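Chains: A, B, C, D, E, F, G and H, in written order; residue numbering restarts at 1 for each.
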Amino acid sequence: MTEIKVGIIMGSQSDWPTMKEAATILDDLGVPYEAKIVSAHRTPDRLWEYGKKAAERGLQVIIAGAGGAAHLPGMVASKTRVPVVGVPVQTRALSGVDSLYSIVQMPKGFPVATMAIGAAGAANAGLMAAGILALQDKDLAQRLDAWREALSASIPEEPIDD
Amino acid sequence: MTEIKVGIIMGSQSDWPTMKEAATILDDLGVPYEAKIVSAHRTPDRLWEYGKKAAERGLQVIIAGAGGAAHLPGMVASKTRVPVVGVPVQTRALSGVDSLYSIVQMPKGFPVATMAIGAAGAANAGLMAAGILALQDKDLAQRLDAWREALSASIPEEPIDD
Amino acid sequence: MTEIKVGIIMGSQSDWPTMKEAATILDDLGVPYEAKIVSAHRTPDRLWEYGKKAAERGLQVIIAGAGGAAHLPGMVASKTRVPVVGVPVQTRALSGVDSLYSIVQMPKGFPVATMAIGAAGAANAGLMAAGILALQDKDLAQRLDAWREALSASIPEEPIDD
Amino acid sequence: MTEIKVGIIMGSQSDWPTMKEAATILDDLGVPYEAKIVSAHRTPDRLWEYGKKAAERGLQVIIAGAGGAAHLPGMVASKTRVPVVGVPVQTRALSGVDSLYSIVQMPKGFPVATMAIGAAGAANAGLMAAGILALQDKDLAQRLDAWREALSASIPEEPIDD
Amino acid sequence: MTEIKVGIIMGSQSDWPTMKEAATILDDLGVPYEAKIVSAHRTPDRLWEYGKKAAERGLQVIIAGAGGAAHLPGMVASKTRVPVVGVPVQTRALSGVDSLYSIVQMPKGFPVATMAIGAAGAANAGLMAAGILALQDKDLAQRLDAWREALSASIPEEPIDD
Amino acid sequence: MTEIKVGIIMGSQSDWPTMKEAATILDDLGVPYEAKIVSAHRTPDRLWEYGKKAAERGLQVIIAGAGGAAHLPGMVASKTRVPVVGVPVQTRALSGVDSLYSIVQMPKGFPVATMAIGAAGAANAGLMAAGILALQDKDLAQRLDAWREALSASIPEEPIDD
Amino acid sequence: MTEIKVGIIMGSQSDWPTMKEAATILDDLGVPYEAKIVSAHRTPDRLWEYGKKAAERGLQVIIAGAGGAAHLPGMVASKTRVPVVGVPVQTRALSGVDSLYSIVQMPKGFPVATMAIGAAGAANAGLMAAGILALQDKDLAQRLDAWREALSASIPEEPIDD
Amino acid sequence: MTEIKVGIIMGSQSDWPTMKEAATILDDLGVPYEAKIVSAHRTPDRLWEYGKKAAERGLQVIIAGAGGAAHLPGMVASKTRVPVVGVPVQTRALSGVDSLYSIVQMPKGFPVATMAIGAAGAANAGLMAAGILALQDKDLAQRLDAWREALSASIPEEPIDD
C-alpha cells in the first residue's frame, strides 16, 4: 500500500473548493495524500489527535487551510514538528486578510509556512509539499522539475485578444 | 475560601503589563480571580486542561489576552461554554490589527467577546466580566454602578492646560 | 408570561437580515428575546430610554448590531451596566471594517463584547447571550452544550465534491 | 458680553492638546468660543443636554474631537441641526484610523464635517467654523482672507537646509 | 430670480449617480443649487475660475465629489474661503479609501468638510449645506428640523421579515 | 550657463529632508536642477505658473513631493505634458499611505510616476529623472550605468555583525 | 521599418485586458510598441534577456504590468537603465494593493514609475511613455498636447441624467 | 567537512539584525548553514547564480529575507525547486505589510513559505528549515523535539510583576 505522506486538512467543507487545488497538484505529481476536515473550533479533539499522531503516522507535510480567525494551521503546528503549510482561505468581509494574519503572524517557536490567499495559495501548498518531499525522492524531484518546465513552456510570447 | 470566578489567562509573560489592567479592575470591584500563563502554542495541553475544566471549576468568565496570531481566546472558547472575553494585545509590526482579526473573526459556534486593542481593552475585559457576574450578584452590581458613576463624576467640565 | 432576557436591537431595518441570525440561535436554544429597531442617530431618545430601562426591565444581555459609524452598541453600553454584545454589520464601501472599529475600540469604562463582522457574528452574539444566561440556568447550559456537541458531530471526516 | 458662537467639545482631557489647535485658530481670528469636555460614554447626559440646547443657546458651529470608537461628533449631530465639525484624534494602536472611520462614516441624515486626523485637523476645524461664520460676518471674512493670504505669503520660494 | 447658494461640482459624469443624492436633498429642502462638472485634472482652469468666483457669485457652500486621487475638493478649498464639503466617491479597486484619504487629510489652512464614502455621504453633503444655510434662514431651519423629525418618525419599532 | 532640466518641487519646507535625497542623486550624476517650494493649497497660483511654463522653460522632468492629501504632483501633471515623478512623503498618522494613494491613484489622462514612500522614493525620483534624461544624453547614460554598477559592487558577499 | 520604442510586458495573458489600455493609447498617439508576455517567475530567463537587451535594442520606455507579488517591473528595472513604468493589476483577494506595494516600494537604486491600480493605470502608463518620448519628438509632443486638449474639451459643463 | 544544507540570504546588510535570528536557531540546533547578501535588484546576477546552483550544491532549504518590494524570496523560488522560506523584514513606513504582500502573494507555480514579519518570523524560518531537514535526520528531529519541549517547559504558570 502506498504510504500517505501529505495530510490536507481544512476547517470546513466550505474550504474544499479552495483546498482541492492542493490535492490536484499532488495528484498531478503522484504524491499520495489524505484530505480531512479538522475544525480547530468545532472538532478540537480531532485536531489534537491529528497533530499528535502526525509524526508517528509518517506524515511528512501537513497542508492546513482555514478562513477568518484561522487557528487550524497554527494549532496543528503547536502539536507536531512535522512541517505545516498554511493556506489562508478568502473570506467575505475581509477578503482573507483576517485569515492571512491569523496564519502567518505566529510567535517564535511555531512556524507555519504561509501561502497566498485563496486558490493560488492552495495550489502552491501542494507544490511546497512536493518540493519538501523531493528532497528525499529523486523521481519526484524530476517530476517537479518537469512540472515547472511545462509551466514555463506554456507561456506564449505574446498576449492574444479574446 | 473565596471562590475564584474569573480566570485571566494570557499567551506569555510579555502580555501581563496589558492584562494587569483587567486584574486591577477586578481588584477594585472586589471580584476574585486568578491570573495564569496559558500559551496556545507553547503549552497547548495546559490550554486544553484549562478549557475543559473551566465550567466544573466554577469559572464564570474567562478573560484571554494574546497578540499576533492570537489563538488563545478562540481555542479556549472551543473547549468550554463559559463566556470568553478576548483582549487583542498590541503588536510591534501590525499594532494589534493581527491580534484583533485573529480574535474577533470567529466562525459561527464559538463567540469570543472581543475588546479594544491594548490596555483599554484589558480594563474593559475586567468590567465586562464584572457586568456578567453582576447579573447574579446585587452587591457587585451596586459596586459596578458606583464605579461607573465615579468615572462619570471624575470628568471635569472644561479641559485644562498642562 | 415568559420574561424577556435578551434584547436584540439594531440601527435599521436593513440590519435585520444579519441580526436575524442571533434571533434564530435564541429560538433554537429556547431563550426569550425581543427585537427592536433603535437607531443611535435617528431615534436617539429611543436609545436613551432603552439603555436606561434595560436593567430594571430585567434584560440580562443586549445584542446591538449596526454598520458604518456604528454608535449604537457603545452608546447603549454607556447607559446601562447590562452586558452589551456588539455585531458589526458588513458595509458596502469598507466591508464592515468601519463598523468593527466603531464598535470594538471603546474607551476604558464601557466594554462592548464585539463579535465577527456579519452573519457569523450575529449568530455568535446569540450564543454569547446564551452562554451568559447559562451561568444561572442549568437547563439552558445543557441545551447549549447539546447545541455545541451537535455542531461538532455534524462535521464529516472528509470533504466531499459537489 | 460677546456671544459664544462656537462650541469646542472633546471626549476627554487627553484630547485637549489636539483640540487646542482649533481654539488657537479661533483666538487668532477673533471668534468667541467655549471649550468643554463632553464624553459620549462617560457623560452621556451632558452630551444630550449639549446637543439639545445648542441651537437655542445660539451656537452656530460645534467642533467635536474624539479618538478610538469616537461617537461624540455623530451623537451630537443626532441631537441638533447646528453644523458639527468632527476631529479624529490620533490613537495609539490604530493611529486614528479608528477615530476617522467612527466619525466620517455617518449614515444618511446626520452629517459630520470630518477633518484630517490629529492637530492639522483640529486647526482646520477652527478654520471651517470661521468660514461658516464668515458667511454672515464681513469683518470675519476679511480676517479669514487675511489669514489665508498671510499663510500663502509665508511660504518661501526655496527650501533651506537646517 | 432665485439666487443659487450651493454649488455641486464633481470630477466627472460618472460621479453624478452618487452626487445626485446631494441634489435630491437640496430639492427636498427647497435650496437652490447648480450642478457642474469641474475636473481638477482635465479642466483645471475651470476649477480655478470656479474657486475664484465662488464668493463674489454669492455661493455659500460648495459640495465637491471626486474619486481616486480626489483633488477637486481640496483644490477648490485652496481658492476660496467659501466652505467646501467633500464627498469621496466609491472606487473600483480601493472602494473609496483612496478618495477618502485624498479628501480628508488636508494640511492646516484648507479644511474640507469630508462626508462618508458614496451615496450616504452625498446625501449628507446636501444636509450639511442646508444646516449651514439654515443659520441665516429660519424657514430653512424649520424645514430641516421637519426633515429630521420625519426621518426619525419613519423608523418602525420592530424589524420586519421580507 | 547650464540649463536646468529637472525641477524638484515640494509642498512645504518640512518635505525638504526627504526631497533632498533626490537633489543629492542629481548632484552625484551631474544633472542640473532647481528646488522650489510650490504648495498646491497655499500657493496655488505658483503651482499654476510652474506647471504652465514648465515645457517652455525647457524642464524635462518635474519631481514633486508632498504628504497627506498630496495634490501637488497630480495638479502639476494636469498643467503640463512634462513627465511628473511623484514622491509620497511619510506622514505622522497614516505613515504616508494617504500620500501614496493621493499621488498614485490618478485618473486616466494624467499619469504621475509614483515612487516609494519617503527617502528611498525621493532618491529613486532622482534616478528616474536621470534615466529619462539619459535617453538623450550618452554621457549621462554612462554615468548612470556607472552609478548602478558601483551600487552593485558595494554589496558585500556576507553580512557582518556590528 | 518603424523602430519600436516602447515595450509593453506583462506577467501573464490574464493581464492583457488591463494592459491593452496602454497599447490603445500608444496606437492613438502613433507610438510604435511591442507587447510581450514576460513572467518574472515562470520565464525568469526571458525577463533576464529582455532587461539586458532593452537599451541596445533601442527601447526607450518599458511598461510592465503584473498582479499579486508583482516582481516583474522591479526585476526588469534591476537589469536596465531604461525607464520602467509599472502597472499594478487588480487582484481578487486584495484588489491590487498587493500589486501596488510590490511595485512601488522599491529600494533606493531601482525606481519603478508606478501608475494607478488597473485599467486607468495602464492607460496612464501609455501616456507617461508618450510624455517621455515627446521630450525628443516635437510631433509626438503636439499629438500629446492635442490628446490632452481633446480630453479636456470632451468634459461637458453639467452632468446629465441617464 | 560539514555540508551546508541551509542558505540564509538577505537583500542587504540592514536585514541581518533580523535574519540573525534564523542563524541563531540553526546554531542552537546544530544545522550547518551559510549567510549571504544576495540583493534581487542590486545583484540580480548573484541571485540568478544562487538560485540556479542551489540544488546541485546540495542546499535543502533557502531562507530569504527582504523588506519593502521584497522580490528576493519569490525570484529565488522561480529559479530552483529547493524549498524557499520567506521572511518579511519590518519596514519604516508600512511596518512590513509591503514586505509581507510582496513575499506571500506568489502566483501558482512558485510557493514561498512565508513567516511572520520581523524577528519572530526569522527565528521561525530557522525552525521551519530544521523541521524540513528533520524529516531525513532522526538526531535533528530529536534535538528539535527537545527545543520545543524546553520552550514549553520555560513558560511559568503565572505572570510576575516586574
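What to note about this one:
Definition applied: a contact is a pair of C-beta atoms (placed from the backbone, for glycine too) under 8 Å apart; a residue touches a chain by one contact, two chains touch by 3 or more.
Labels paired with UniProt names: A, B, C, D, E, F, G, H = N5-carboxyaminoimidazole ribonucleotide mutase.
None of these values were measured; they are calculated from a predicted model.
Steps from chain A to chain F, minimised over paths through touching chains, total 2. The angle needed to superpose chain F on chain H by their Cα atoms is 90 degrees, rounded to the nearest 5. Interface of chain B with chain D: the two copies contact each other largely through different residue positions, with under half of all numbers used appearing on both sides. The distance from the centre of chain G to the centre of chain H, each centre being the mean of the chain's C-alpha atoms, comes to 34 Å. For the pair chain B and chain C, the distance between C-alpha centroids works out to 19 Å. In whole angstrom, the spacing between the mean C-alpha positions of chain B and chain H is 35.
Each of residues 12, 42, 68-69, 94-95, 97, 104-107, 109-110, 116-117, 120, 151 in chain G touches at least two other chains.
Across the whole structure, chains are in contact as follows: A-B, A-C, A-G, A-H, B-C, B-D, B-H, C-D, C-E, D-E, D-F, E-F, E-G, F-G, F-H, G-H. Those residues of chain B that touch chain D in the complex are listed here as 90, 95-97, 116-118, 120, 151-152, 155-162.
Taken in their complex, chain D has these residues touching chain C: 11-12, 40-42, 44, 48, 67-71, 74-75, 77-79, 91, 94, 97-98, 101-107, 109-110, 112. Chain G meets chain A in the complex at residues 10, 12-13, 15-17, 19-20, 35-37, 39, 42-43, 46, 68-69, 92-95. Chain G meets chain F in the complex at residues 21, 55, 60, 81-83, 85, 100, 104-111, 113-117, 119-120, 123-125, 127-128, 131-132, 134-136, 141, 144-145, 148, 151.
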